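A single structure is presented below for examination.
In order of appearance the chains are A, B, C and D, and numbering begins at 1 in each one.
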Amino acid sequence: MTLVPHLIGGVADAPADSRSANIMNPATGETVGRVPLASRATVESAIAAAEAASPAWRATPPAKRARVMFRFRQLLEDNADRICEAITREHGKTLEDARGELTRGIENVEYACGIADLLKGEHSKNVGPGIDSWSEFQPLGVVAGITPFNFPAMVPLWMFPVAVACGNSFILKPSERDPSASLLVAQLAQEAGLPPGVLNVVHGDKEAVDTLLTDRRVQAVSFVGSTPVAEYVYATGTAHGKRVQALGGAKNHAIVMPDADLDNAVSAIMGAAYGSCGERCMAISVVVAVGDATADRVVAMLAEQVRALKVGAGTGTGCDMGPLVTRAHFEKVKGLVDQGVAEGAELVVDGRGLVVPGHEGGFFLGGCLFDRVTPDMSVYREEIFGPVLCVVRVQTMQEGMDLIDAHEYGNGTCLFTRDGEAARYFTDAIKVGMVGVNVPLPVPVSYHSFGGWKRSLFGDLAAYGPDGVRFYTRRKTITQRWPTGGVREGAQFSFPSMK
Amino acid sequence: MTLVPHLIGGVADAPADSRSANIMNPATGETVGRVPLASRATVESAIAAAEAASPAWRATPPAKRARVMFRFRQLLEDNADRICEAITREHGKTLEDARGELTRGIENVEYACGIADLLKGEHSKNVGPGIDSWSEFQPLGVVAGITPFNFPAMVPLWMFPVAVACGNSFILKPSERDPSASLLVAQLAQEAGLPPGVLNVVHGDKEAVDTLLTDRRVQAVSFVGSTPVAEYVYATGTAHGKRVQALGGAKNHAIVMPDADLDNAVSAIMGAAYGSCGERCMAISVVVAVGDATADRVVAMLAEQVRALKVGAGTGTGCDMGPLVTRAHFEKVKGLVDQGVAEGAELVVDGRGLVVPGHEGGFFLGGCLFDRVTPDMSVYREEIFGPVLCVVRVQTMQEGMDLIDAHEYGNGTCLFTRDGEAARYFTDAIKVGMVGVNVPLPVPVSYHSFGGWKRSLFGDLAAYGPDGVRFYTRRKTITQRWPTGGVREGAQFSFPSMK
Amino acid sequence: MTLVPHLIGGVADAPADSRSANIMNPATGETVGRVPLASRATVESAIAAAEAASPAWRATPPAKRARVMFRFRQLLEDNADRICEAITREHGKTLEDARGELTRGIENVEYACGIADLLKGEHSKNVGPGIDSWSEFQPLGVVAGITPFNFPAMVPLWMFPVAVACGNSFILKPSERDPSASLLVAQLAQEAGLPPGVLNVVHGDKEAVDTLLTDRRVQAVSFVGSTPVAEYVYATGTAHGKRVQALGGAKNHAIVMPDADLDNAVSAIMGAAYGSCGERCMAISVVVAVGDATADRVVAMLAEQVRALKVGAGTGTGCDMGPLVTRAHFEKVKGLVDQGVAEGAELVVDGRGLVVPGHEGGFFLGGCLFDRVTPDMSVYREEIFGPVLCVVRVQTMQEGMDLIDAHEYGNGTCLFTRDGEAARYFTDAIKVGMVGVNVPLPVPVSYHSFGGWKRSLFGDLAAYGPDGVRFYTRRKTITQRWPTGGVREGAQFSFPSMK
Amino acid sequence: MTLVPHLIGGVADAPADSRSANIMNPATGETVGRVPLASRATVESAIAAAEAASPAWRATPPAKRARVMFRFRQLLEDNADRICEAITREHGKTLEDARGELTRGIENVEYACGIADLLKGEHSKNVGPGIDSWSEFQPLGVVAGITPFNFPAMVPLWMFPVAVACGNSFILKPSERDPSASLLVAQLAQEAGLPPGVLNVVHGDKEAVDTLLTDRRVQAVSFVGSTPVAEYVYATGTAHGKRVQALGGAKNHAIVMPDADLDNAVSAIMGAAYGSCGERCMAISVVVAVGDATADRVVAMLAEQVRALKVGAGTGTGCDMGPLVTRAHFEKVKGLVDQGVAEGAELVVDGRGLVVPGHEGGFFLGGCLFDRVTPDMSVYREEIFGPVLCVVRVQTMQEGMDLIDAHEYGNGTCLFTRDGEAARYFTDAIKVGMVGVNVPLPVPVSYHSFGGWKRSLFGDLAAYGPDGVRFYTRRKTITQRWPTGGVREGAQFSFPSMK
């Protein structure tokens, strides 16, 4: 059984930690590896390694750091199959979905390849007579990222490529449930030329997280996970003087207008709701249908397609969905479906009884579709993170928007319409950070930035893209004048030694 | 005796608060006014007024909001004398120095006049086939600023012009020691056309601050003050889910190199150390002289000029310095000078015995100059915020830089030299946010941003300038595609009603 | 009778030129002034004055140059009535329309107020080890603008505020038909604080233009006028090594889709077609109606409103249109209407017989509306620059777009629709520089830039806004490293004199 | 003997042109290939191929176009040896120098990899109530580049990567003297995934150039070459309505101040003056020594190192310089040296008699060093483009700067000093586009832009970097509002079909 080691100071070997955890294959329910859970001492050694690597890396010209990113990008392409297999084995998502995740992650590396351009400061001549001023964006030093199970390759790639391209040293604490892909990606970055210690990986749980949040040498922390933990990370990290960006949960609504292209909308919603079993912070989990006529058609079309979903091991071909990530999570999601029924939602499609032949030990749940969900129900209020889609019926677009604005989360949302004015009003007024118009998963591309509003993001700056560069650098402003009548004038007539 | 009222929802009248405080004229020691100390309920009414004004103001086109700033700028120019008199009366600084403060503040208004340009988002065509994406920077809603006594006009002008130009409503809690100038400036902004409730002023102490830090309607807090309070504001505000930028204390060193133009350097240091009695977070409080020969010359030149400083009421002509702001602060500064002597620093010029004829009740302290200060002394470690300059002697530039980097603060610093290489090495490597080369007070101009490093700034984004715009706005990213084969094609042949 | 002088080197007095021209009031047909026509020598004296003023103005800090713009903006507001009266008297447009022109011009001054921010260069640290590089945007020196009769205040304000804010000296050659408003605006800029010689005005004809195009001291020329002249200016100026931007003619089409809000569309088109008598390079002169049903309704609605147009002297109240600018232009426009009838277009509304009581000598032409215009007709091919609107009927949106793309001009265009997809396809594919969606006059705001495509603009950079700043500045790139082991190291031990 | 074909529409095969030219190896004087000289018809077929490829390539998302650049970059690395051998064989420069050229070129490809970010337009919400506006930078269509013999790989890479990344189709006309490397590089770009016709190569002379300058389908032309031809290209291209950037000749001065680090300065000047035989537009060809003491030392140090230069075939190891490019050029350079002697310059080192054993047929000229050159001499006025360095003696820095500013060229320059004030004064005031401080070849890195001043550049925008993106795109500004009360409101109650 494989042990997934830490990567500290360029070395990945047997850890000294006394605690460890099992890694499961959710498609079979079997243990496929073990991962150490880092002690405070282990994390501190990673911090020390990162700090030691910092001065030389910081002084490396950005264009040279970019060249490592160019090689890293190529290595990710070359090793895509290995990475995706690791994702599927430990997370459960289909190989195709894993490839989609990796592609998005590679785009963040491509963005980091432009770091020399992205780090430009602003230069002002003559802010006063003979006085110039300019800004530089210098690396912070040692920074850390704490990433979730649902994107073991992509979310780390949101963070460390731009962070190290900016000249920082990085400590990644990936999810301990599916750590192999994260480690593999980090090892490829090192193979691409990152000096030892510039990128470190430590596995662990709360002890590791708390060490990163409280050690004074760590200058900044990026976090992606659930809102309660995000809030804890933000409050704890900031109380220790760090800059923190903490991305939390979501409940993403899609409003379907009567004039929408329903074929397109339903097809888009299917992928956005059930892809990766709904274990995405940008998944659509609520459809808001405007008008009962719209709702009736949308529910009928969805029901047909949900029933037709192919669920199985992610390694199989032609699967739409794999299993949920753990047995505990499976039980939690199933319990929420039970509760939805109990609270009076209409369960149009029930995926609870699904058995995948040959994978009876896997954590499979079939697609579930609720109609006539109301805002007081737990299936509406809570982030389910499973293949469960709720349809809420409203009479007007404004009623749908009021629902969205009243929800505690504000990560993503989408409007399906053909109408320019509806789109403009929606995108302008809705209190959500990432907004799609006929785009169900409006994840910003790598050269824009990812960030929700309300309790979906704690911090000022969003993840990756321009905000990523800003988050991982510290502004320095220089104001300069030169005394006249010195060497220059002297130089006109004589050698300095004669002065 | 004047009562300085709150300004809430456009109205400045008698407050309901049960508590109040005296305002003193530090040049005479006399009480010149009273200021209410807002209760939680009073602050909440200001928050409510700001929230009520928010939707209409947010929807006002930026260019129209800018036009208010153009008028505001003109009103500040027209009322400069009144504002400066209020500053001098309650703070003590000279009228000329007050005018300098106001000018810097007006420059921030000038920057806010460009808000339509500054708010531009980034637009990307074809992020995918037929898909476009762009970012918008939307106002946060209700935001607050808490400002210190030492710049009662300028620091509020660092904050609210850009905040309201971005479309936010603002609550200003100025220092309760010299609130008149802050209120006056806010009233002029309202006179310029800010709708009632867009800009509110509440006076107060910890109760007011805590209300702003914990009320869920306040989205962001900007703070300038001492480091312990900045740390409290940052930890408390962030624990309540807000974005916070908290600027704290400083101990700004100037390194004087042997090749410096000493006449220029000493003259620059005099103004930077003793101007406004040293009550500036960018004041030079430590001179690091490289080589004993340099030190001897610098100390001799400084001593002569410190002895010649003219100290008196700020309303008088020809004064270099006024009084300290309060009796308590006077006692604290004087105590630190006593302690410096006790710890072995060489007090070259002693300003402790100063009496200003006709102003015997004022809080006057003459300029003090210490030589041979060492890093363990309290006069070196603490931010004195008084007319006390410490000279530390080192043998190399690197030794001086190590001192600076070891200090807990990292606000400003300056190097005096003629040498390009020294300047480049210093500005690159020094762990300080605002760096001058032959510029003793490297306060960034209004179109750059103000921010220290280390324990001088808590938060990701600096004050005013580009970072100010970013701090007071929230990124929204829209991703948009349109279904084909819909209205457009239909439109080719027929009216929609015929479909 | 007023003589409108040149403004050269800060002085506006009697010119030495032997030639001059009459200025007419087009509402009465009477001569209201005279304007000198500058000889080559006169223009050269203006160039010399501009060159003399250049070094000091270039060295003035941008923020200080901006302050002149702030004052200039205020003076324009304060003198709006005088300026608008001059426009109406010499050009003929209504006072309200003149005020609209001036407002747009003032917005360009507001943009120039932000010049300190807009001039920022890009700073790169460590382009190689220890090597930094940055860009500066330096003024060109002496630049010139040649402006048309139809916007005697606005088009000069497109050019000189940003040009002088960038640090250039400027020579304006306004239209000799309505020079008073241009001169007045320039005089206010000087009153605001532009040093003598920084802004000069010379009146004239081809001799003046050719002098500006060929004198080696003039670094750049901005031109707005007809396409044949624009082409001449571009070829001549560039052949003399200058940078040139030359904006020419237009034939702006509005496509009306069947799903458009017709009330809104027709109302918008009325203003865009007949406002200022159609003498605008952004005027809508062709309506492309998609489908005969749309066309029938649009033509009926337009006809009713064209018949109701109130035409009279621009000084009167309640007028929609004033006279054409000159008798010659009146004859030309009327001749084109005659030709349209002769070529078979259906003249739905005929404005040729209009007489304005009390202004029988004025150059008034009533609104004309053609239906069933085809692309081979001269009224379709030529820029009429009069109150003549042509309706072309097509069966599909694509057919309308093909028409637009086939026309030699590509200045502005507009689509009326409610449909997002139609708008996106149109704005993406159409070969026109300024595109409106339900906006009939898509003139970019002052913080964007104005420029057509095809034969509507010769040159790389558009007018005003960001392109204006780029056009009026020259990029300089500095790459800097410092030798080590010099003064800095020496400074550690000894005084320079000992070396 | 190899025939170097055109590359048109993706196909490189035997051309139909009746004319052709020999390609020589300058190290041996032997003919090593032939190159066709394209007729007008051949160039027109390339233009047609480019135009045909344009619509699909323009519609390809920028990020996907960038991916071609990522692969192209890798292919350039993988084929570096082949490319460099071709450069050395046909141009003569050393292999190491060829590798330097290629590396710089690859950096331009790296910049083009960031095109998705670089193409971002500016988005403004609410330019008026409910009105938004944004800019797009759309490709021009078919554009052309005409490149010189001295950098057969790098200068093409300055142009076409960014041009095609912007979505344009490109026609490259490289120098007919050393076309192989240019073709090879283009073929690798095609291998990387550029669709056929997006990048075409035509060889030729004036007939080809004139076709590109006059064909109406070509939208823009980039040129690098001598000033007389640059001027012709600029005037001709612009007279045909195109945008043109034409980079011409240079005479780059290095000022050496008395306080300079002379070892560093002389070493830097040696490489900059004699590298690639001086056949670089950024070569240092004039040293301006301030003070006779400085001059004496600099001349002595230079003379010693010039005498030690190793000259031989570029394929040999340890060579500093190869031959000049053609016999004609060799004769021209030698003639200028003769003339310099005749005019009274002091020829300190005479390289005219050099014979390289085994390469007696090669076009070798040894390094030549002139002292006491004066501005009236032809060796000072003309661009020699050979291994000839002139020393001019001045008494002050200002005198040196006046010399530079009086020269017709303004491409590059450099100051050697340790003094900050001298550097600042020089970089601010000097009328040269690319300025080095202790950097002898201040060629801007790929993320800045390359452009001289005065008669070294005709046009508004510099080459590559940000200006490259701007040059190869056309601004389009969209202004959009949506009518209210339409589909959106209707959608609240009913299906569109019911309306």
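Assume a residue touches a chain if its C-beta (ideal position, glycine included) is under 8 Å from a C-beta of that chain, and two chains touch if they have at least 3 such contacts.
Remember, it's a predicted structure, so these values are computed and weren't measured experimentally.
Between chain A and chain D the CA-based rotation angle works out to 180°, given as a multiple of 5.
In the contact between chain B and chain C, the residue numbers used by both copies make up over half of all numbers at that interface.
If you average the CA atoms of chain B and of chain C, the two centres end up 42 Å from each other. If you average the Cα atoms of chain A and of chain B, the two centres end up 35 Å apart.
Within chain A, contacts with two or more other chains are made by residues 63, 116, 120, 122, 124-125, 127, 135, 417-421, 423, 437, 445, 447, 480, 482-483, 486-487, 496.
Interface residues of chain C, counted against chain A in their complex, comprise 59-63, 116, 119-129, 134-136, 417-421, 423, 437, 496-497, 499. Residues 122, 124, 127, 131, 133, 135, 231, 234-235, 238-239, 241, 243-244, 260-261, 264, 418, 423, 427, 432-439, 442-445, 447-451, 453, 455, 458-462, 466-467, 470-471, 474-483, 485-487 of chain B are the ones touching chain A in the complex.
Considering their complex, residues 63, 66, 70, 73-74, 107, 110-111, 113-114, 116-118, 120, 125, 130, 132, 257-259, 290-291, 293-294, 395-398, 417-422, 424-425, 428, 445, 447, 480, 482-484, 486-488, 491-496 of chain D touch chain A.
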